[in-house]
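There's a structure below that I have some questions on.
Per-chain residue numbering starts at 1, and chain names A, B, C and D are given in the order in which the chains are listed.
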Amino acid sequence: MIEASWIAGLGVILFSIGLLGAFTRKNAIVVLMCIEVMLNAANLNFVAGASQYSDVDGWVFTAIAIAIAAAEVAIGLAILLSLYSTQETISLEEANLLRN
Amino acid sequence: MGDSENEWGLLGPLVPFLLVAPSLKFLAGWESVEAAFLIVLVPLLTFPAILVVGQIYNGNETWKQRYKEGGIFGLGALSLSLSIAIWIIYDYVVGSAHFEAHSVVDPFSWLTFDVIEQSGTQWEISTGFADIGVGVWIDSITLMLLFVATFLCFLICWFSLGYMNTDKINEDSNHRFYGEFVLFAIGMFGMVLADNFLWLFIFWEIMGLCSYLLIGFYYWKDSAAYAAKKAFLTTRVGDVFLMVGLLMLYDIYGSLDFAVLFDDPSTGIGGAVVESGELNWALLMLFIGAVGKSAQFPLHVWLPDAMEGPTPVSALIHAATMVNAGLYLVVRMVPFVDVHVNGVAGLEEFALTVAWIGGITAFMAAAIAFVQNDIKKVLAYSTMSQLAYIFTGLGAGLLFLNIDEHHAGYFVIGASMFHLFNHAMAKGMLFMASGSVIHEVHHAHDHVRELSEKYSTNESDDHGDFDPQDMRNMGGLAARMPVTATAMMLGSMSIIGIPLIGGFWSKEGIIAETWAACLHEEPLMLVPAVLVLATAGMTGFYMTRMWLMTFAGPPKSEVVGHVHETTPWIKEPLVILSVITALGGFGLALLGASEYLGDPHHAELSYHGLLDTLEHAFLPEDSHLRLVGWTTMLLAMVIGPVIASRIHGGRLIDGVEASPLVSWLVDLSSRFGSQDVSELADSQLAEALQRRLYFDDLYEIALAKTAIPFAAFSAWFDANVIDGVIKQIESNSATGSVQIRRITTGSARDYILMAAVGMISIFALLWGVNN
Amino acid sequence: MSSMFSDLGLHEAILLLPEITMLSGIVALILIPNLGDATMRIPLTRIRVPVLIGGTRFDFTNNPRLPNQVTNAVLFLAFFYAALLLNPTNLSEYSLEGGSGIGNLLVVDEFSRVFTLLFTFALLLASMATATRMPAIHDATIPQESDSSEVADSKVMVLIDNRRQVDFHILLLTTGLGMSLMAMANNLFMLFVCLELASLSSYVLVAFHKEADVGGEAGMKYFIVGSVVSAVGIYGMSLLYLWNGNLDMADLAASWSAMEDIDSLAGIGVGLMIVAFGFKVGAAPFHLAVPDAYSGSSSPIAGVLATASKAMGFVALIRLLLIITMPSSGQAVWMLAIALIAVVTMTWGNLAALTSDNPKRILAYSSVAHAGYMLAAMAAIGSGLADASTTSMILTAVVFHLLVLVLFKLGAFLVLSMLEAEGRGHRMEDLHGLAKRDPSIAVSMFVFMLSLAGVPPLSGFLSKLLMINGIVSVSAGTGSASATSVLSWAQGVDPVFWLAVAIVLNSALSLFYYLRIGLVMFFEEPESDSPLKSSPSPEWPLSLRSVIMICATLTLLFGIGPMSESLLDLVSSAVDSLLSS
Amino acid sequence: MIDDPLSVITLVPLFMGLALIVLPRILPKSSAESLMRVSRNISMGIALAIAAITTLLFLGEWGSIDWTDITQGGYVLQNETANLIPSIGVTWKVGADALSFPMIWLTAILIPISMLVEWDAKRGHLFFPLLLIMEGALLGVFVALDLFVFYVFWELTLIPMFLLILLWGGEDRRYAAMKFFIYTFTASVFMLIGILVMYFHTEAIVGLGSLSGHHFDLVAMTAQENLIPSEGLRHFVWILLLIGFATKMPSVPVHTWLPDAHVQAPTAGSMLLAGVMLKMGAYGFLRISVTVFPESTLEFVPLLIVLGMVSLVYGAWVCMGQTNLKRMVAYSSVSHMGLIFLGIATMQPLGIAGALFMMFAHGIISPLLFAVAGAFKHHYHTLEIGSMRGIAHHSPWLAAHMMLGWMASLGLPLLAGFVAEITIMIAFWMTYGWLVLLPALTLIITAVYYLNSMQRTIFESNNSEKGILPESLHGKEPSDLSWHENAGMLTLAALTVLFGIMPFIFWDMMSDWSSGFVVDTMIEAMQAQGWSP
C-alpha cells in the first residue's frame, strides 16, 4: 500500500499546480480547471487520511467534495456564460469594467 | 440762540435731585457717609437711562429743547452727587464727623475665596489672605478729590449744555455724550471713594473706557478714532503693569484694603514681615500704571491726541480729573514708604524714580508746548507738565518719608495734593475758556461763510482749511470775549504761579522741597530739581504766549471780527471757577491745606494767620530755599512772560477796547518790544518739538516694524503651519486613497495573486511565531 | 457518522424548525409555480384526478410575485421560529441551554440560533427589497403562432423574467439554509459544506443582476476568487484531516491543545483555512474582489454579502480560531497574523473608501474596514491575556456588531437599492440632493452613515465601543504597574493596546467618507427633481421605504437603552453557550 | 413638583426637538403644516421653561438647595440611578454641583437667547427644534455622572451643531462642518479610550456589569482609591483625556477647527459653540482629569502652563493678524480659554475658582461677540474688517453692542470677564511669580486687536453724515439690528454687566467648590508628591 505521505505529497504538487495556474492563466475556463485540480489535491488528502486512519469519513468527504466541485463547475459555467453574453469575453483580464 | 436767562427754567428737573441730600439728612436722619454710595449709584442708574431713552427719543424736539438730549438728567445726577459730596465734606471739615487718619465705611465682601500655602511640607488653607471687599474710604485726600471731581463734573456738565447742544454737528448724538459723561463721573467718584486698590483699579479702568469713548466721540473722524485708540492702548500698557502691581501687593499683604495695608504696611495680615525689595517692585508696577494714566514720560503720547474729543471732555477728563488718578494712586503709596509710621525702609530708589519721571516730563512737555499752535494742545502739554510737577513733588515727599524726614515729607506731599487741586480748578477752567473761544470762533466762522456764500457760488471754502482751534487764526479776542479772556488770564496766572494766585501756593512748595531734598538728602534729586525749576520759567513763557496769541495783538483772521460771547450756559462756570482759581489757593493756604492734605494725622483745617502764611511762602528760613523760591518767581513771573510778550505781544487794533480786567495785560505785553523768531522757528529743534520729540513716530515705527508683521506672521503660521498639518493629512490621505485603490485592478487574476501573497504572508507569520 | 440520523425525532425537528421551514420553502418554490389544473386519468377509469402539477396554471400561481411573497413568509417564519427557540420561558423543553446535538455534526445552541436570527433577518430584508426589483409582468402569456417574431420574443422575455423570480428566491433560501446550518456545524467538514452551499448560491445571486452589464463580471470575479480560495480552504481542511484523522471540532481542539509544538500539517492547514474564511469576511488582502462584487450586484444582494455572508465568515473564523486553535493559556499562534491582517484591513478599507465615487464601493470598502475592527477584537482574544469573562465580552461585542450591522449596513444598501430601481446608485451624483427628493430616506441614510461611523448614541457606536473596550480591557492592565512615566508604561504595554488606537484613528478617517455621503444628500442639487418612487408594489404592504425606516429606528433604539440591553443579554448568553461547549 | 428636574431638563428638549422634527413628516399634511408654523414658538416655550426651572433651582425656590454648600463629590438633585445598559454598567445617573450648575444655567439661558437672536431663521421648523436638541445634548454633558452617558452626550452635541453649520452656514460650510465634526470626533475618541481604561479599572458594583464586571459611574470612580495603580498608565490616560478636552476647549495646537467652524456657522450656532460647547472641554477636564487623577494633573502642570500660555499669547497674536471679524473673535476664544488652563495650573482654590468663573463669563461674553459678528454678516453681508467704516451712523445699536462686547472681552472691570482674569492672575502670581507678565502683557495685545477692529468698522469715515459701506451691500442702505437681535443682545449685555458687578452670584459657589476640592483631593496629592510650584 502506498504511504499516505506519498499521496499527500502528490496532493501538494497538484495543489501548487492548481494555485499557480489560477493566478497565471487568463482564461476563466482554465482557471476553473485549476480549481478542480486544487480540489482534487484536497480529495487526495482525504483519501490518504481515510486510508491512514482507516476512517470512513475521509471517503465520504471525498465524495461530497467531488459533488461540490461538480456544483461549482456547473455554477461557474453558468456565470461565465452570463458574462460572455454581456461582455463577449471570458478572459479574466479583459473583464474589468469594475475596478478601483 | 436764546439768552441763558431764558433757559433757567430748564433746570426744574434738578430740584428733586437737589432735595435728596437735605431730605436724607433731615427727614431720614442719615449720616452723610451713609449716603456716600449714592454718589456712585445715582449716576450709575442715570447713565443707561440717558443712553437708552436718548436712543429711543432721538430727534424728538422736546427731548432736544427741554431735556437737552439728556444733559439735564446728567446734570441732575451730578448735582445730587455734588450735594452729597459737599454734605460729606462739610460734615468732616466743620461738622460732626471726624476721622483719625481715615474712616472706612461699609466694607462689603465682594469676592470670597481661599488660598493654600505650603508650611513646611504641609499644604493648608492660608490665613494670610483676606477676601476682596468694597467700601468707602474717607480721609483728607478723599475729601479734596471728591470735591474736585463732583464740583468739576457738575460745572463742566453745565458748560456742556451750552457748548455741546448748540453745535449742529453734535445734534442727535448728545445723549451719547451725556451718557458717557455720567459714566465717567461714576468712574471718577468711585475711584476716589474706593477703600481698596482693586476697586480703585476697577473704577480707574472705567474712566479709561470713558476717556476712550469720549475722545472718540466724533467717531467718524479718522483722527478722533485714532486718538481714542491710542489713548486707550497707551494707558492700557500702564494698567497692565498696575494690575501686576496689585497682584504683587496682594501677595505681599494678603489684602488690598487700604485699612489693612495702611495700618501696618510693615507686615502682611498673615504676620510675614514685608521685604522692601518685593514691595519696591510692587510699587514700581503700580507707578507704571500711574505714569500711563497721568500721561507721564514715556507713556505720555496719548494726551495731546486726546484733545480730539469735545472740549468739555478735555476739560474734565484730560485736565481736571482723570489724569489726576495717577497722582492719587501715588499718594496712596505714601503709607508704605512712611517709615515714621510703620512704613518699609529702603524704598528711596522708588521715590527717586517718581521724581525723575516727573522732572523729565515736566521739562519735556513744557518744551513741546513752546511750539504748539493749537490752543488745546498747548493746554494739554501744560497739563502734562503740571502733573509732572506734582509727581516730582510726590517723589520728593516719598523720599523724605522714607528717610524719616516726615515733616518735610508731609509738607511736600500736601503741597503736591494742593497743587493738584489748584491745577484741576485752573486747568478745568482754562479748557472751558478755550472751549468758549473755539466755540465762538467756530460759530463766527460759520457766520462768515454764510455771508460769503450769499455773494459767491464758490463752495470750496469749507471748514476744511479753517481750524477754529488754531491760535494763528485768532488774536485780539480780548475785545470780543471779555469774560473768557479774564478767566483765561486768571487760569494762566494760576498755572504759571504768579504770586498770590492759585497755583503759586502749591508750586512754590513743590519746587522748594525738591531742592531741599536735593541739597540736604540726596544729590540724585538734582536733575528733577533743576528741571522743575527751569520748567517754572518755561511755563511762564508758553502760558503767556498762549494768552497773547489768542487775545492780544491784531486779529489774525477776518473771523475774529464776528465773534460774540453769547452762547448760553457757558459763562457761569467760567465765572465761578475764575473766582475759585484766583482766590481758592490763597484761601486754602491760609487754612493750612498743605499740612491737612499731607499729614494723615492732621485731622482738620485751621487758620494759620496771614502773615505766617506769606512769610512761609516768600521768606522761608532756609536760605537755599529762599534763593530757589525767588528764582522761581523771577523765572515764572518775569523772564518767561517777558520773552513771550516780545514775540507775541501787541496791542489790539485801534478803536477796539478790551475790558479793563484784561486790557492792562494787553498793554503790558506790547511794552517789551518785539523780536522776530522765525529763524528759530525753522530750526531743527523747533521741528523736533513740533514732532513731539519724535516719540510718537518712534512708537509708530516700532509697532509697524515689530508687532504688526509678527501678528501677520502668526496668522500665516496658524493658517499654513498648524492648520497646514491638518490640510497635509487631508491631502495625503486622498493621495493614499487613490494609490491604494489602484491595487484593485479589476483583473481577477491579480486578486488571486494577492490572495496567494496574503496566504504566504500568513505562513510566514505563523512560522515566525512558531519559532 | 453512522449514527448521524439515528436520533432524529420530533424534538430535533422542532429544534430545527427554522431550517425545516426554509427547506420546505425551497420545495414550495419549486412546486408552487408549476401548480396547474393538470389532471390525470386514473388508469382504467374515467375519473380524472387533478394532479396539480402542470397544465394551465391557476391565477394565484400565475402571479409572478408569488415566489417573493412565499420567500418573505418563509423567511419571516424562520426568523420567528428562531426567535421563539431563543426564548426558553415559553418552550422550556426545547431550551437551548447547553446545546442539543443533532447527530454529531450539528449542535443547536443559542449561539447558532442568534446567527439564524441574523441570517434570516438579513435575507428577509433583502427579499422584501427585491419584491419589485426584477421585472415581472402579471399577465404573461405564451406566444401564439400568429404573433410576429418580435412580439413572440418579447413574450418569451417576459416569461423568462417571470421564471427568474423563482430562481432568485430559491437561491435566497438556499443561501439562508446554508448559512443557518453552517452556524450549527460541529464538524469542520460540515461547516465547509454548508459554507459552500451558501457561497455558491451567493455567487449566482451576484451574477443575477442582469440589469446592469457588470452583473456577470461581478459574479465571475466573485466566483473565481471565491472558488480558488475555498479550494485553498478545503485543501487546508484536508491537511487538518491528515493530521488529526477526524474533523470533529471538539476533537480537533483537544488535539490542538495536546500538541507540544505546532505540527506543520496543522499549522499550514489552519493558515489555509484562515485564507478561505478571510475571503468570506472580506479581510485584506483577500478582499479585492469584494468591492467589485458589491458594486456589480444588486444592492440588496450586496447588503446580504456585507452582513449575512460576512457574519457567516466570522462564525467560521470564530469556530476555527477560538474553538479549535485557541490555547488554554498564552498567546495563540495566529494572533499576530490576525492582528496584522486586522490593521491592514481596516486601514485599507477606510483609505480606499476615502476617494471612491461609487456609493456602493464606498459601502463595500467600509464593510472591509468593519471586518478589520472585528478581526482586531478577535486578535485581542488571541493575545491570551483575556480571561474567560473578557473573552466572552469581546466575543459578545463582535457578535453584537455583526447583528446591528444588519440594520445599518443593509439599511444603507437598501437606500441605494431604491435609487437602483430608477437605474441609478452607482455614482456619487446619484445621491445628490436626495434630501430634497425624499427627506425621510435621506435622513435614514444619514443615520446609517453615522452609525457606521460609530457616532453615539447609535448602535454602531455601542458595538464599536464594546470592541474597543474589549481590547483596552485586555491590554490596559499589561503595562508595568510600577512605570512612572508614560514612556516606560508604553514600552511595557502589550502591543494589543495599539489595536484600539488603530481602530480609533481609522474611525476618524472613516468619518470623512460617511459624512461626505451625508453632505451630498443634503447639499448638492439633485440631478432630477422627481421624488423617489415609494412603493410600486401594491401587493406588498410593507414598502421598501418602511423597511428602511424600521432599520433606521432600530439603529437608534439599539444604541443605548433597554433594547440594546436585552440584545446584549441575548448575545452574551449565546456567546457563553458557545464558549462553554 | 418633579422629583428629578435634571433628567427632565435634559430629556424633554431632546425628545421634544426630535418630535418637532419627525412629527411633521408623519402627520397628515394640514396638521403637519400647522405644527411647523408653531414649532418655533413651542421650541422657544420649552427653552424658556427650562431657563425658568434652572433659575428657580438656583434661587433655591425649587428643591431648597444651598449651592454654596456643595463640595467635590457631593452632588445635589441626584436622581435615583436607573439602569440603562446594566450588563456593561451603564446607568442613568445625573446630578449637579457647583462645577456643573453654572454651566447648566448658562446653557439654559443661552438657548432662548440664541433662539431670539435668530428668530427669523429660515426653515425655522427645523432650526429651532435642532437648537432644542442641542440644548438637551449640552445639558446632558453637564448633568451626566455616568461616563458612558457623558460621552454619548458629548458626541451627540456634534450632530445638531454639524447640521446647524451645514444647513444654515456660510459659503464654505461643507468644509467647515466636516472639519469640525471629524476633528473633534477624532479627538474625543482618544478621550474614549481613556474613559475605557478607567472603566476597566473600576471595581464591580452589585447589580451592574454582569457582562463586563465594570461600571461607568463617575462618582464611584472618583471615590475609588487609586483608580489606576500604574502611574505610567494613569499619566497616559490623563493625556488621552487631555487630547479630547483640549481639542474641545480648544487649546493650541489643536484649535484650527474652531475658526473655520465659527466663520461658517449661523449666528445661533456660533453663540452656542463658543458659549457652551467650548466649556465642555474645560468642564470635562475639571470633572474627570483633574478630579479623578489629581496626581497626574500635578505631574503635568508644566504642560498645562505651556498649553495655556501658548494658547493665550499665540492666540492673541493670531487674532491681531486676522482680517475677518468672526475669525478674530474665534481666535480670541482660543486665547481666553488658555487662561482656564493657567487658572487650573495654579493649583490654588482661587485660581481654580477663577477658571470656573472664566468658563462662565466667557460663556456670556462670547455669545454676545458672535451675535454682533453675526449681525454684521446679516446686515452688511461681510465680515471683512476694514471693508466698511463709520457704520455706527447706520447701526447705532449694533455699534453699541459691539463696543460693550469687545470691552467685556478685553477684560474691562465691572463686566463679567474681569473677575475671572484678575483672580486667575492673582493666583498665578502667587504660584509662578513673574511668569504672570506674559498673560498680563497679552491683555495689551487683546486690547490692540479689539480696538483695531472697532476703529476700522464702526468708526472712521470722515463724514459726519454717513459711513463707508462695504461693497457687499451693493449700494443698499443697511439696517440696524432687528428687534429680536437687539433684545437678545441686550439680555446678554445685561447679564455681562450683572455678573461683572455682582460676580458673587455664582462666584461664591465656585469658590467654595474649589476650596473644598483642593482641600479634600488636591492637597493630599500634593503632599504625596511633595509638590511645589
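As a convention for this text, a contact is a pair of C-beta atoms (placed from the backbone, for glycine too) under 8 Å apart; a residue touches a chain by one contact, two chains touch by 3 or more.
Remember, it's a predicted structure, so these values are computed and weren't measured experimentally.
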Key: Higher-contact pair (C-beta pairs counted), B-D versus B-C   = B-D
Message = Of the chains shown, whose Cα centre falls closest to the middle of all protein Cα atoms?
response = D
Ask   = In whole angstrom, how far does the Cα centroid of chain B sit from the Cα centroid of chain D?
value = 39
Ask   = Once you find the CA centre of chain B and the CA centre of chain C, what distance in Å lies between them?
value = 81
Inquiry  = Suppose each chain is reduced to the average of its Cα coordinates; what separation in Å results between chain A and chain D?
reply    = 64
Remark   = Whole-Å distance, C-alpha centre of chain A to that of chain C, is 25
Note = Check: chain B positions touching at least 2 other chains come out as 741, 744, 746, 748, 750, 752
Query = Hey, what residues on chain A touch two or more of the other chains?
reply = 19, 22-23, 28, 31, 92, 95-100
Query = Which chains touch, pair by pair?
reply = A-B, A-C, B-C, B-D, C-D
Chain A contact footprint on chain B (complex, rising order) = 741-742, 744-750, 752-753, 756
Inquiry  = Quick check: in the complex, which residue numbers of chain D touch chain B?
reply    = 179, 183, 252-253, 255-256, 314, 317-322, 331, 347-350, 353, 390, 392-393, 396-397, 400, 403, 407, 412-414, 418-419, 422-423, 425-430, 436-437, 440-441, 443-445, 447-449, 451-452, 455, 458-464, 467, 503-504, 507-508, 511, 514-515, 518-519, 523, 526-527, 530, 532
Inquiry  = Residue numbers of chain B touching chain C in their complex, please.
reply    = 733-734, 736-738, 740-741, 743-744, 746, 748, 750-752, 754-755, 757-759, 761-763, 765-770
Ask   = Inside the complex, what are the residues of chain C that reach chain B?
value = 220-221, 224-225, 228-229, 232, 261-262, 267-268, 270-272, 274-275, 278-279, 284-286, 288-289, 291-292, 331, 333-337, 340-341, 348, 351-356, 509, 512
Query = If you look only at chain D, which of its residues touch chain C in the complex?
reply = 25, 83-88, 90, 148-149, 151-156, 158-159, 162, 166-167, 173-174, 177-178, 181-182, 185-186, 189-190, 192-193, 196-197, 199-201, 210-214, 229-233, 235-236, 239
